[in-house]
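Labels run A, B, C and D following the written order; every chain starts at residue 1.
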Amino acid sequence: MDWNSYSIRTDLALEAHQLAGVEQGGTEIPGVDVEQTDESGIHISRMHIKDMNGSRIMNKMMGHYLTFDVPELRYKDPELQHKVAEVFARELKGFLRLREKDSVLVVGLGNWNVTPDALGPLVVEKLFVTRHLFLHMPDVVKEGFRPVAAVAPGVLGITGVETSEIVKGIVEHIQPDLVIAIDALASRSLERVNTTIQITDTGITPGAGVGNRRKGLNIQTLGVPVVAIGVPTVVDAVTIAHDTIDLLIQRIERDVPGNTCAQLFENFTEQEKKQLIHELLQPLGQNLMVTPKEIDTFIEDIASVVANGLNVALHDAITMEDAAMYLQ
Amino acid sequence: MDWNSYSIRTDLALEAHQLAGVEQGGTEIPGVDVEQTDESGIHISRMHIKDMNGSRIMNKMMGHYLTFDVPELRYKDPELQHKVAEVFARELKGFLRLREKDSVLVVGLGNWNVTPDALGPLVVEKLFVTRHLFLHMPDVVKEGFRPVAAVAPGVLGITGVETSEIVKGIVEHIQPDLVIAIDALASRSLERVNTTIQITDTGITPGAGVGNRRKGLNIQTLGVPVVAIGVPTVVDAVTIAHDTIDLLIQRIERDVPGNTCAQLFENFTEQEKKQLIHELLQPLGQNLMVTPKEIDTFIEDIASVVANGLNVALHDAITMEDAAMYLQ
Amino acid sequence: MDWNSYSIRTDLALEAHQLAGVEQGGTEIPGVDVEQTDESGIHISRMHIKDMNGSRIMNKMMGHYLTFDVPELRYKDPELQHKVAEVFARELKGFLRLREKDSVLVVGLGNWNVTPDALGPLVVEKLFVTRHLFLHMPDVVKEGFRPVAAVAPGVLGITGVETSEIVKGIVEHIQPDLVIAIDALASRSLERVNTTIQITDTGITPGAGVGNRRKGLNIQTLGVPVVAIGVPTVVDAVTIAHDTIDLLIQRIERDVPGNTCAQLFENFTEQEKKQLIHELLQPLGQNLMVTPKEIDTFIEDIASVVANGLNVALHDAITMEDAAMYLQ
Amino acid sequence: MDWNSYSIRTDLALEAHQLAGVEQGGTEIPGVDVEQTDESGIHISRMHIKDMNGSRIMNKMMGHYLTFDVPELRYKDPELQHKVAEVFARELKGFLRLREKDSVLVVGLGNWNVTPDALGPLVVEKLFVTRHLFLHMPDVVKEGFRPVAAVAPGVLGITGVETSEIVKGIVEHIQPDLVIAIDALASRSLERVNTTIQITDTGITPGAGVGNRRKGLNIQTLGVPVVAIGVPTVVDAVTIAHDTIDLLIQRIERDVPGNTCAQLFENFTEQEKKQLIHELLQPLGQNLMVTPKEIDTFIEDIASVVANGLNVALHDAITMEDAAMYLQ
């Protein structure tokens, strides 16, 4: 039994930082810098995991993490969506630091037959793609555009071939200067589902994502830098069960006078908790996701925000004013 | 606050019967007949809720419920799938008792942009439809077929029109002798997700289904008999939270000697449980579903079983041997 | 044999007018007013078929036709597309003359499994729909919006039920003040494929559209006014064959001196032409469409233009500046 | 101007043979063997282009071509479809001559957003895929199955990356013993649209297919043998125009006495014909396809026949009797 898969899980560095902070009894984690700002209802967090120690404590790869947290995105407000797209585009551009002629391959991970896992393919579908124009019709390409290709190999993944094998093959043939991987994530907290976007230069970690990607996509495996853009669209059922137990215990401890409780839960170890959750979620176990019933409209909206931001960040010739014309 | 929506929920009469039985302290419920048989790994349960009393206790409509429970369906075994399709077709035919010339409208409920809610539209897509042939090319229709139309109004429902309004409009115009409604359901237990099929002559109850249909589809609202075929594809997150709490309390009661526990949970009423779950699942609340990550392949498979069974049950000319040729 | 289906066909009043004009030996047709303007590369034509005589000559219903002809749309220019969306929105608003509280049902005709016939469903998918908000959450609806519902019954049409029956049923239940029907059309000329938009207050004529809708949708059949918006996405193969023959005969007449030709084609009547085309196109006959291989990107683009224009024209609160945020 | 693209075109060796035969004034073409048989309404043709001479005359690659021609497939007869699937499976198995442990990669070419070009992706979607089972769950794989992977790179092709680059990358990584490429083709004759299946060991020729694949997929480019399976789903508009001209000229020649005609068409060269067609089809030119309006149902049906045949031909453990259970 792989008891690890019965732990609380988050693909967000921001949440991992909070969890680690609580365990450490403070908000400071050695080897990790965090800077927070607020802008028009968007909480922006810039995190830098600087060394192996910080990486180990947080259980996240060393590198930079840029997170946009927008609780109000839940209430389908077109104006806020527009604002988020704008800020996201501006920050992404700064994060990428592309040189003028750099070419980019966007990889939309995930399975488009499973709605909460379809973010990557949806973004790819909406993206403005130009690489073929540079190759076959160079005269029609105006100043201010760069070669951008985009693939959604996840549908391939379900047909007997590992996503990473496909991406590796394509990268070797088209040799982009940068890979940008888009993926649907699992967050620890329901509040962050569909309201948070994370950008990181660490690439994709094996085991992350809604569908548990088996292998990583990063500079080690692909040979080119990989920036990952992720949005949590689910919480693991295991996480929800953990939270239920913790909340109940906390409630009992609050309600019950004296030290009866200390005795009560003395022997209720992390391992016992996992066994209880395993029992609870069988026969489907750690393969269960919790997601809102309206996931279809949320994911459509956030895919537009991401695709729009990518179009603006990748091409100098596209401004937020005319970005809508380039959304496919 | 509608605390009812924070109760344990099941759309399956079989599970409602078990829940009610436990509360009643036995398996006998007045006003309800149940008959169970087993056939090649398929548990078949025939339930008849005969009076208002039974209906009230079970919180299900009066009528007949035929349930197929096949735990092994989880392990994608083509031979078992074939066997289930066969038994389902035979039993459905018996359940429907159609007269030779009866025409049928199949309604695939649900939203095909949300994978676990897409069962209805998927079945409709796979069904062999004949009504237009009877109308426009009566000569090509051979003996042994009946007029069958099929609609998937759920995509319409997400565009500003209530599903029931659309179905009512269509029923009034084409006047079928029977409506068969297909819907994805919520079960109480994870074990039943994607492994159970329920047929009932009560039609669709308001509030049932993955997407919480607002209004019922039944003989009262449509003016023609409605048979509903449902498959649980999700469990409500609320239900999982309830089960976590119950399992934890049960575990503590087992582990803790004496009557400390009795005192402990004395005041932990049903209402407090719901409040705790409400807190736990906010801000998304009762609108969360728990579903397997591989929901896409499960739902494809079970939609084939249902569509195949319908083709055989509706048309005398289609046998299990040649049924595959009629699957669209 | 229905030889009529072997005639040259156009769903565009503009083309019917040109054809009739040529036959009449001039551009004036009694009972028909035409006014042409040009604006930023968009040819706008306002036609009014005022009486039965004009209607008979042109073989089009009496009413108003507003046509936008933009040959350069072929060259996927985002700026031109934006300009067309703007002009289209402004003119559509003027054409509709809606009162403040009028409710609208948008009907996307066509089969979304056949790319050149998918315009209607695509527009419906992209439209901003509000009717359910007015019904269920009236507080969240701001000033300047009206109730808009949208359905795509064509997928239903292929499942044994006539599109017009479904639309009639829905109209009776939700009682909109206006129906707007979107449809893919057949033009006479390849130049107009994907570059022309027609608005008319005559509704949908039986037999028009890519998939040959069997019945009309108009004030007579639905009981409410119907505005139709159409874009030609195909030319009938029959039309191409006619044109080939005419062009060849014309070429021979030009090349051959004397009156040999007069004799030659003396006996080559319209009926003989149709027989030749029938022979040529068998066994598929009049059911063949000619369409560009890149029809998928064209139809996506023009569906965005139409959906965008509808959003702006239907809701005072949506301006061209923020229209992109409302595109689904 | 590339006048070649204004020639009559066929992707079928069978039709190329007939065309070449006519030009040669007989049915014998040097370097080409043909053998024809009939079985239950299915015309089977086995052609072997043995040398460069035959290849040059026929304008087709050297190799074997196996063609199934079933005119009655047009009339959607489930029993005939079943028979075709059976014969196709048997013959395909013989054609492939796979060794017991050979692994196979099936490549579904084409763009699934354009209905007549979607054959490849549709077959891939329906195929029974096993490679991942061999890799990750070898115990569950029974005797009689082989590793089969399947990809549909065409959707990628529209996103800036050449299909052949993607396939090459995948082949290098997973190293199959055989590639089977599925593609929608253009035929010369309308009769063959949706009624013919061609199998060949020459792979995919550059420029063939509905969407004009730019590069070939064959043993030279991929390094492994490539079998191509194709079904014509369109006729080029250029071909229809050619046929119209030829039929008209033939009719005139029949009707007009004496040798007026000889003089008349004396100067009407092949080049002039192409110029006339170019003029006729502008501005869309050689990029126009002619296809039936019901292409969606035809292509679904024939994709099932092909996927079914592949399942049976690739896995000894799958027989025609239980093949339906393996169709996805």
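By our rule, a residue touches a chain if its C-beta (ideal position, glycine included) is under 8 Å from a C-beta of that chain, and two chains touch if they have at least 3 such contacts.
All values derive from a computational prediction rather than experimental measurement.
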| item | value |
| --- | --- |
| Co-neighbours of subunit D and subunit A - touch as defined | B, C |
| Numbering shared by both copies at the subunit C-subunit A contact, with half separating same from different | same |
| Chain centre separation (subunit B, subunit C; CA means) in Å | 42 |
| Distance between chain centroids, defined by C-alpha means - subunit B, subunit D (Å) | 43 |
| Inter-centroid spacing, subunit D versus subunit C (mean Cα positions, whole Å) | 34 |
| Multi-chain contact sites of subunit A, meaning residues that touch two or more partners | 158 |
| Subunit A contact footprint on subunit D (complex, rising order) | 124, 127, 129-132, 147-153, 155-156, 158-162, 165-166, 168-174 |
| Residue numbers on subunit C that touch subunit D, as the complex places them | 71, 74, 111, 113-115, 117, 158, 190-191, 193, 210-212, 237, 240-241, 243-245, 247-249, 251-252, 255-256, 260, 264, 267, 276-277, 279-284, 287-296 |
| Residues of subunit D defined as touching subunit B within the complex | 78-79, 81-82, 300, 322-328 |
